[in-house]
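Shared between the two complexes below is chain A, which pairs with chain B and chain C, respectively.
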Partner chain A sequence: MLRYVVKRLLLYIPTLLGVLAVVFILTHVVGDPSVLLIQPGASREDLEHMREILGLDRPIWEQFWVFLRQALQGDFGTSFWSDRAAMSIVMERLPATAELAFASLLVALVLGIPAAILAALKRNSFLDLSISTLSLFGISMPSFWLGLMMMLVFGVWLQWLPISGRGGFDHLILPAVTLGVSMMAIVERLLRTDLLDVLSEDYVRTAAAKGLTTRRVVLKHALKNALIPTVTMIGMQLGGLLGGAVVTETVFGWPGLGRLVVKSIADRDYPVVHCAVWILAVVFISINLVVDLLYGILDPRIRYD
Partner chain B sequence: MTNRRTRMPSVFKSKMVILGLVCLIVPVVFAATAQFIAPHDPNAIHLKDRLTPPAWSRAGTSTYLLGTDSLGRDVLSRMMYGAQISLLVGVTVVLCGGALGILVGVLSGYFGGAVDSLFMRLADVFLAFPFLLLALAIMAILGPGLWKLIIALAITSWVPYARVARAKILAIKQREFVQAARAIGGSSWHIMVRHMLPNTLSSLIVLASFRVASAIAGEAALSFLGLGVGPNTPSWGSMLSEGRVYLTMCWWLATLPGLLIVLSVLGSNLIGDGTRDVLDPKFRHVRGGG
Partner chain C sequence: MRVVRLTLGVLFAVSTAVLLCAVPSFGAEPGEITVAQSGFGAHLDPHRGYGDNAHVLQSIYDGLTRLDAEGNLLPGLAESWEQLTPGTMRFHLRQGVTFHNGDELTAEVVKLNVDRMMSPSEPRQAYSFKFTGCTVVDKYTVDITASPADPLFANKISYMGIAAATLCGYPKSDQFAKTPIGTGPFKFVEWVADQRIVLVANDAYWRGAPEVRKITYRVIPELSTQISELATGGVDIVMGIPSEFVPQVQASGIVRVVPMMSTVNRVVVFRCDQPDSPLAKREVRQAINHAVNVDLIIEQILGGYAHREATVCHPTDFGFNPNVAPYSYDPNKAKELLAAAGYPNGFTVDFDYNPTSGTSGPKLTDVAQTIVADLAQVGIKANLVAYDQAAMSSRVYKARNVSPVFDFGWKTWYNDPGDTFYGLFHSQSIYAYTNNAEIDSLIIAGRAEMDRDKAREIYGKIQELLFVEAPALFLWYVDDLYAISNRINWTPRVDGRIYLYDATFY
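Let's turn to the complex of A and B:
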């Protein structure tokens, strides 16, 4: 087990370096931040001076080397706009995104798993059809549109919930549901299919023949095995969730990493963009490692060597 | 080969594919005929008639069936022209991203070794970014524009095709028909294109139909964030973004273009579901994006 973890961690090093290289290439070709930072009408010398301060006058490979060395120490430089360390700006936003992502994952699982169980048990019934149709809509609705519609209905018309910002629990509901709906639909569709497969397996029939209640057969025997592909899928979809957070946070004015990225790209604030994208990628890769390791707990047949 | 050909038409017997095609009727008709049936120029500004509600509300007028936006531009006409952008992006991104991914996947699977390692590490790097985030970063460099948007979405979408194509190639690499082709002196290129590629197509077609949905949703999301096709091109995503500002007063601005996005994405997903059931029943873990 330990060897496996170490092996996986070693495999992530080239990926992480690749991510840093891509981030550097992407953001260092974006315009010239020195132009944005000096007063309009400033002289050419001022511009050169600003480029010198920012280190933008050095050869690109040298900039990359400096960037790489510092990035690996968590130092992404100072924001071009606020004189604060990029890392501290990003870290300040991380809890809000984590809160939103966690809440939407919770929404997805709490609604998605029971829906899948119901649909699988009542296969081909009206209930199954309704759940499947809703799921298909859930997958097909872009989160920003769903978010706007929920704002319109629950915020503007019914005035039940706040439509913007971060605060108490009531602020979290609309963004979390918006972001969670597509994941919920994915969980439901996948789990339903796998449950149907598992429910026709011999060991499930044996369990039922022993006289166990349906609840026990499903929860204790079938669900555990059917959940394995779902866990994989959730790991893969978390990237989508983090990407979706960019849009959802913009819609709801949620002060998280996603909104920071959109704003920093517009401001061409390289250090903050570098840092935020790096942190998001690291989080995503780490989640996938955890998912890999979770298999072992769910399915002891998987060996770690 | 023969097997694949005989199975193709049965796709159109699938209820889901039919339903998907029905969903796509409105967007496709809009896209195909916008130049002829759009009641107004999509960019014509009528400041006097700004924020007119749809025709069925009390303050609405039949001149603007679905109302007007903050500059008095006709919402229906903009939705019709927006359909051209969405469908063009959806199809082109899949063609470009698919071609790139299939090329990488086939080369990777066929040659193995260093080529395979290099391409698959590259795929890992691309997968380490949330899809939308990478597309956003690329658009930030390129700036808004239709072809730039297509490039950004295609670059970020090749990995799934590469993975599927590679897996399929690996599965058939040792089969007799490939060895026979090699034995009679077929070149690598000939074997890849004539013998192996056709055998990977059914899975790739299924994947592609889901990815049309992702591409349409991706375009809308980027346009919504202001990094899409650019200000003067009507796009559903940018219409939503403008409508968001007037959400409290003018519900139609954000609601109606969104319905078309849902319809198009739903249609593509249904077609994906249906084709998968017919062409590749075991390949059920592929999902489209929303």
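Let's turn to the complex of A and C:
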């Protein structure tokens, strides 16, 4: 197991180097921020001077070398716009992003797993049909629309919940539910299918024949085996959520990483874009690793050699 | 069945917990104002250009001079000033003014600010002049020199905030974001990234304590969300409401919409610098001005919230020439002009635009498409190409490879069109694509003319010439639509700054 983890970690080195190279090239291809940073009325000299200040007048390979050397030490430079360290700009957004991602994951799991179990147990019943229909809605609804509708109902009409911004627990509810609903729907559909497969297995029938309660059969025997594809999917979704749910963040004015990245790209603020993409790559890779290790816990037949 | 019960139990528990925890506060506190913005700028450095944090910067910092809501020049931190030589201005500072940290405003502090403006290695606010020196005469008198001499020097430095001496030692902007210290009517409390900036009243303000006790600037990127917040009293002021939302906002009953004619002109610029291009011919450029039904676009797409321009001079600008009337909509005349220029069957041309620029942002696509349709009526086939702000800027003034026709806008400051004329139409400006020796010399003469009566005459001539030469399709000045809570007594300013020192409560 330890050997497996070390091997995986070593494999990440080229991946992360690749990420650095790609993000550097992409940002430099789309043009530099000097044109945005100069003030209206500036002259050609001002423009050239701005490029000098930002170090963009140096040869591209030299810029890349400096970037790489610093990035490997965790230093992505300072934002062109605010003169603040890119790393601290990105890190101050991470808590908000993580908070929203885990809250919506919680919503998805708390609602999705029981719904899937119910649907699988009462297969083809009215309940199953209702749950399936609801999850179809959940998957199909665009998050910005659902978000605005919930804002209208709970924020404007009923005035139960704050409309936007980040603050206490109450601020988290609307964005978390908005994001959680589509994920919940995916969890429900995937888990129901896998549960149905597992429930028809011999060992489940054996367990029931032994006289175990339905609850024990489902939760102890069937669910654990049916969860693996769902765990994979949740890992990928969580990676995406941590990358920022730009639309939901925008609708609810949530100060997350996704919006920072989008704004920094529009501003051509290379240091912030580089740093954010790097952090996201690390997070994504780490989640993948955790998911792989979870397989072994859920299904002891899986070995890491 | 137990699973069902268990599930329902969990659901009930979770939803109850959610509702019990949710005890939000609605409505604003007395004396407090919340302003919604789609995003913040990156810094609070008054020497770097005010940008997206202009409202905040202007509340924290004062300039040596100041402009009132209509743009009239008034004394600021300097009680008076006099022109010593064309390039040198002497300022007599107001005595007894203190910064938010208790330091006194002296000539020495002003010098530190000007010196910081002059530091060559950092991005600073660009002016049509460069600061060349600053001399302390006595504790409350300071001489500032700049080159070239600018008749509007006193107006222009009104937006150069004077920061406390402790800040001037930092060449970079980062410290300013943590502890901005000025002499302004509001003091900085906190800046939570991408969420809010909070200011409180400066009771020691030299013009008297403001009635507004606290201002919160909140980031709310999505317009629909801003409007929902307005309707529930979560925010008090929103700038840039699209015209189609006006009835909905007014319907809330707690908010009014106030239009304020902006000083940003909208133009579609023609590249006159390519001799082989049809646009090098004056008749073609005039034809386009006749071919587009600008009034109809204002009425149908902008909801009537825009004012037609004859050239790029705002009606309240110094030197506005009322004798120059906008082009008439006349497709037949356009066709005649095209035929006279040698293009009886029209021509094909690329048309660059940025769908997200300007306050009428989302509608610029509709506007551009309507212009294309109007041009097609007279035989000109225009291919629309969209670029984002950075790409468009780079094409216009860095790579200078923008298409022969492109959408552009320019904000006029200090009620003086001189810099606008220069920026858009002087051959040496990096933003301009006009090569007209007469226009060039008039612009230079008008901008430098210390005798303002003569300058007025020159500006009048420039407008006549721009009208005839038609280096652009002249469109409009939009109205900025402000939604303002009915509990607040405040009128928007001509410069578009949400400056709440003079706001009061009903």
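The rule is short, and it goes like this: the second predicted complex is superposed on the first by the 300 of 305 C-alpha atoms of A that agree within 3 Å, B and C clash if a C-alpha of one lies under 4 Å from a C-alpha of the other, contacts with A are read in each partner's own complex, and residues count from 1 in each chain.
In the analysis below, contacts are C-beta pairs under 8 Å (C-beta built on N, C-alpha and C of every residue); 3 or more make two chains touch, one makes a residue touch a chain.
Computed from a predicted structure; not experimentally measured.
Once chain A is used to superpose the two complexes, chain B occupies space that clashes with chain C. By the touch criterion defined above, A:229 reaches chain B but does not reach chain C.
Residue contacts after overlaying the shared chain place A:50 against chain C, while chain B stays out of touching range.
Touch criterion met: A:156 reaches chain B and chain C at once. In the superposition on chain A, A:18 makes contact with chain B only, not with chain C.
Once the two complexes are overlaid on the shared chain, A:251 sits against chain B and chain C alike. With both structures placed on the common chain, the touch criterion links A:108 to neither chain B nor chain C.
Of the two partner chains placed around the shared chain by superposition, chain C is the only one that A:170 touches, whereas chain B remains out of contact. Within the superposed three-chain model, A:148 lies in touch with chain B and with chain C [touch as defined at top].
Of the two partner chains, chain B is the only one touched by A:273; chain C is not.
Touched by chain B in one complex and by chain C in the other are residues 30, 148, 151-152, 156, 250-251, 266, 268 of chain A. Those residues of chain A that touch chain C in the shared complex are 30-44, 46-47, 49-50, 53, 78-79, 81-84, 89, 92-93, 110-111, 114-115, 117-118, 121, 148, 151-152, 155-156, 159-166, 168-170, 173, 213-215, 218, 250-253, 255, 259-260, 263, 266-268. For chain B in complex with chain A, the touching residues are 121-122, 124-125, 127-134, 136-138, 140-141, 213, 217, 220-221, 224-227, 240, 243-244, 247-248, 251, 254-255, 258, 261-262, 265-266, 269-270, 273, 284-285, 287-290. Those residues of chain C that touch chain A in the shared complex are 1-4, 6-7, 10-11, 14, 18-19, 21-24, 26, 39, 41-43, 49, 120-123, 125-128, 172-174, 177, 192-196, 218-222, 224-225, 228-229, 231-232, 234, 388-391, 393-394, 397-398, 410-411, 419, 422-423, 430-431.
Within the complex, the chain A residues that touch chain B are 14-16, 18-19, 21-23, 26-27, 29-30, 136-145, 148-149, 151-152, 156, 182, 185-186, 189-190, 193, 229, 233, 239-244, 246-247, 250-251, 261-262, 265-266, 268, 273, 277, 280-281, 284-285.
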